[in-house]
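Each in structure tokens, the structures are laid out below.
Here come two complexes built around subunit A, the first alongside subunit B, the second alongside subunit C.
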Partner chain A sequence: MKKAQVQTLETIGVLIFFFVLLGLGMVFYYRFQAQSLSVEEREQQSLMAIRISQQISSLPELECSKYSGSSEFACIDIIKLEIAKTLIKNNPSYYSDIFFFSNIVIQQVYPSGPDILLYREVPKEYKNYQEEDIPQIKIPVPVELYDPSTETSNYGILRIAVYT
Partner chain B sequence: MKKCQKENQKFSYVKLKKVSQMEMMGMVIVVVLLSIALFLVISFQVGTKPKSVQKEYEYSQLASNTIDVLLKTHIKECKLDYDDVLRDCSFLKKLSCQQIDSCTKIQQVTTEILKKTLEPEYKNRYYFTAKYGGETKIKIGTECQANIKTKSFPLPSEIGTLIEVKLDLCV
Partner chain C sequence: MMKKAAIEIQFHWIFVSIAGIMILGLFIFLVMRQQITYESRTSISIASDLRTILVGAQTATRTLNDLDIPQTKVKFECDLVGEQKIPYSIFSIGNHPEEIKSQVIFSPPEIDTSKLRAWSYDWSLPYKTNNFLFIAIPQERIILVEKSSQKSKSLCQMINKTLPEKLNIRYVQPNVPPSLTDLQDQNNQIETIIFCDFDPAINPSPSDVPSKLNPKYSRAISIKPTSDDLEKGTIRFFKATKTGYIPVEDEKSYAGSALIFGAIFSPEPIFFECNKKKALTRYHLVSDIYWKKTEALKGSISGDPNQIADCRDLYDQANRKLKNLADKSKNDLNEIYLDAKSIEAISDQLQRKSCPLIY
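On to the complex of A and B.
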């Protein structure tokens, strides 16, 4: 009887130990999965920022048409830009499907010029926050600011900030 | 008979003790093996840093677009684009941009542009050069020691030779 009891206790001990190990393993696995999910989310938001930067460069409302009508990548027509600003402001629902929650600014670097806010849509939960306090992913893209009237280009930076 | 039974009992007790010791050893070995495996998995996962798509894209397009846009930038004082002023600096040396020679003007413009675009994020971790005939005409920033993202642009000159414009980002 005693031998049987000892063996039963032994079996129970092994089972308890096994379940403790299993529990620890599940805790580690859960933490690891949660971390990789947040990394994946961040990657997706980065991809969105990249997609927006490429879309802006090829928007017909902004892209340059030089010479025989061929467009150039990373080139913004500054005359179209003035009209595009108003167009984007007057059609928020259309452009919010393209730009989502983001802040798009064109900065004229050389020669120095004023920054031009092209689009800004902040998520509801950050409406009362300062710009620096809103979590965002930033991508700067050097762009050519082409003036078709003088056929000259200035150096600009397209600053895209996607709110996360 | 009694002595025999006692000896049998003693023998089975010793045998039982040895068996339980062996079982415990076995359990210890299993735990040790599991711990080693877990340690290896965790260290492998922690050790490999996942590449950020955003950073990779930023480095590659920043170096590339910076030079592309720079070469097309119009310099008002010289009434010419950057690439033409650079050609003059490389071998013609005839241009005067409001009493400033082409090389000085190119150096000024490039420094101003790179300061506003790369300096905020890269501090002094970039290196811009323009070389002609093995000679460095323009040099801005600090040479990278390791881990470079580089973009090189060969600019053709009128006489058929090449001016090499290069931007290294130290990542």
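On to the complex of A and C.
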């Protein structure tokens, strides 16, 4: 009987050792998976940032008149911009489909002028954070800022920050 | 002693079997969970990539893009839900749906290919409010059928000239072979027959029926413009059979040539109506901006007092129309078309009088 008990204990010992090794293997595997998922997540967020920048650059709500002599792409009509600010604020569910969680600012660079905040929507978990503490992907896009009333253009940068 | 040993061995083997089954079960469970996770992950990744590709394709207007995507089944749906008939539009890969709230996409209901053709075309009435995206597959053919009238010829020619050359287009003219019935089946998955300015007869003559095409993949639409510039009219959808055409639902209205192409690339009337409603939502928002822009221009204009008076008068006229267009409750395309034409005429006058333009 004692010999049988020893043999059974031996088998149990082998099984425990096997499961410990298996457990260690799974821990390493899932850590590797988590790392690869986080890289993929970052890539997807970059893609989203690119998507938003493409959409804004050709947004009918902002783009310049085709008769203005300016390029239709990456040209912002500043009168429309001022109106679009309020329109976007009043239709958050519609425009959140286009802009997601992001901060979009138009900065007039030359001649220098005030920054115009077009859109800002912060994820819930970062509501009480300072802007610089929120993880984000930034994409600056040079744009022409066209004033149709004076038919003049200024140089600006469209600053898109997608919250991650 | 021998009996004891025999029993002992049997218990040992039972114990080993149970342990073995548990380990095997654990591995099978892990593999199945991994497979589900992998499929979900792949679907989400492809959906996100496809979304980015579609946004990119839509950005540049009037361009055709040949897209390579992973070989996967993509479903497109657009429906009007609830009492208020709110558009609900998604595309899904596997079990992962992605809602498309603002993009207007006309496409086959299901795509299972690695190659797509994405063509974008702006909806301008009279100013651009949206870039529609039309998705076609290589195994798709568009057949334009003309009858003996100037309007039919103009419409067919306009559609033929505007559609990208790379698309598979066949033009059937009256009394010029081949007729519709001569067209051979090319194993296409989609055959769209467009009747320019006439409805196909309920009992058509044999030469007016695509008898060699597979009815499972054939559908027909008739486009009947009611304006001289072909930009306004009605569209009717039909189901094409080997012997005739069965109308599907009532006539739908259109305004702006982009909606003609929307009907061509819509698998069924509800898809067309759903996307039309999405487009109208955006139309009202953009019109609101132009309405307020006109007010701003009126206030900021400077220069010769006579010129200012003329310009302001024109801005007032435009504003009355723009206010209608910005009204979300006004969705009659006939009225929208008429107001848009008025604004176009006003814009011409603004240009002649060197006033700052509205659009």
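FYI, the second predicted complex is superposed on the first by the 128 of 164 C-alpha atoms of A that agree within 3 Å, B and C clash if a C-alpha of one lies under 4 Å from a C-alpha of the other, contacts with A are read in each partner's own complex, and residues count from 1 in each chain.
In the analysis below, a contact is a pair of C-beta atoms (placed from the backbone, for glycine too) under 8 Å apart; a residue touches a chain by one contact, two chains touch by 3 or more.
Note that this is a predicted model, so its numbers are computed, not measured.
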Once chain A of both complexes is superposed, is A:97 in touch with subunit B (first), subunit C (second), both, or neither? second
Going by the contact rule set out at the top, does A:149 touch subunit B (first), subunit C (second), both, or neither? second
Touched partner set for A:61, first subunit B, second subunit C, both or neither: second
Classify the contacts of A:28 with the two partner chains as first (subunit B alone), second (subunit C alone), both, or neither. first
Applying the touch criterion given at the start, work out whether A:11 contacts subunit B, subunit C, both or neither, answering first, second, both or neither. second
Look at A:38 in the shared chain and tell me whether it touches subunit B only, subunit C only, both, or neither; answer first, second, both or neither. neither
Residue contacts with subunit A in the superposition, subunit B compared against subunit C: C
After superposition on the shared chain, which partner residues are touched by A:50: those of subunit B (first), subunit C (second), both, or neither? both
Following superposition on chain A, which residues of subunit A contact subunit B and also contact subunit C? 47, 50
Inside the complex, what are the residues of subunit C that reach subunit A? 8, 12, 15-16, 19, 23, 26, 30, 41, 45, 48-49, 51-52, 55-56, 59-61, 99, 101-102, 127-131, 281-282, 285-286, 288-289, 292-293, 296-297, 300-301, 351, 356-359
Flag every residue of subunit B that touches subunit A in the complex, lowest number first. 16, 20, 23, 27, 31, 34, 38, 42, 45, 50, 52-54, 57-58, 61-62, 65-66, 68-70, 72-74, 76, 81, 109, 112-113, 116-117, 121
List of subunit A residues in touch with subunit B within their complex: 3, 10, 14, 17, 21, 25, 28, 32, 39, 43, 46-47, 49-50, 74, 109-111, 137, 139-144, 152-157
Complex interface listing, subunit A residues touching subunit C: 4, 7-8, 11, 15, 18, 22, 26, 37, 40, 44, 47-48, 50-51, 54-55, 57-58, 60-61, 63, 65, 67-68, 73, 77, 79-80, 82-84, 87, 91, 94-95, 97-98, 148-149, 151
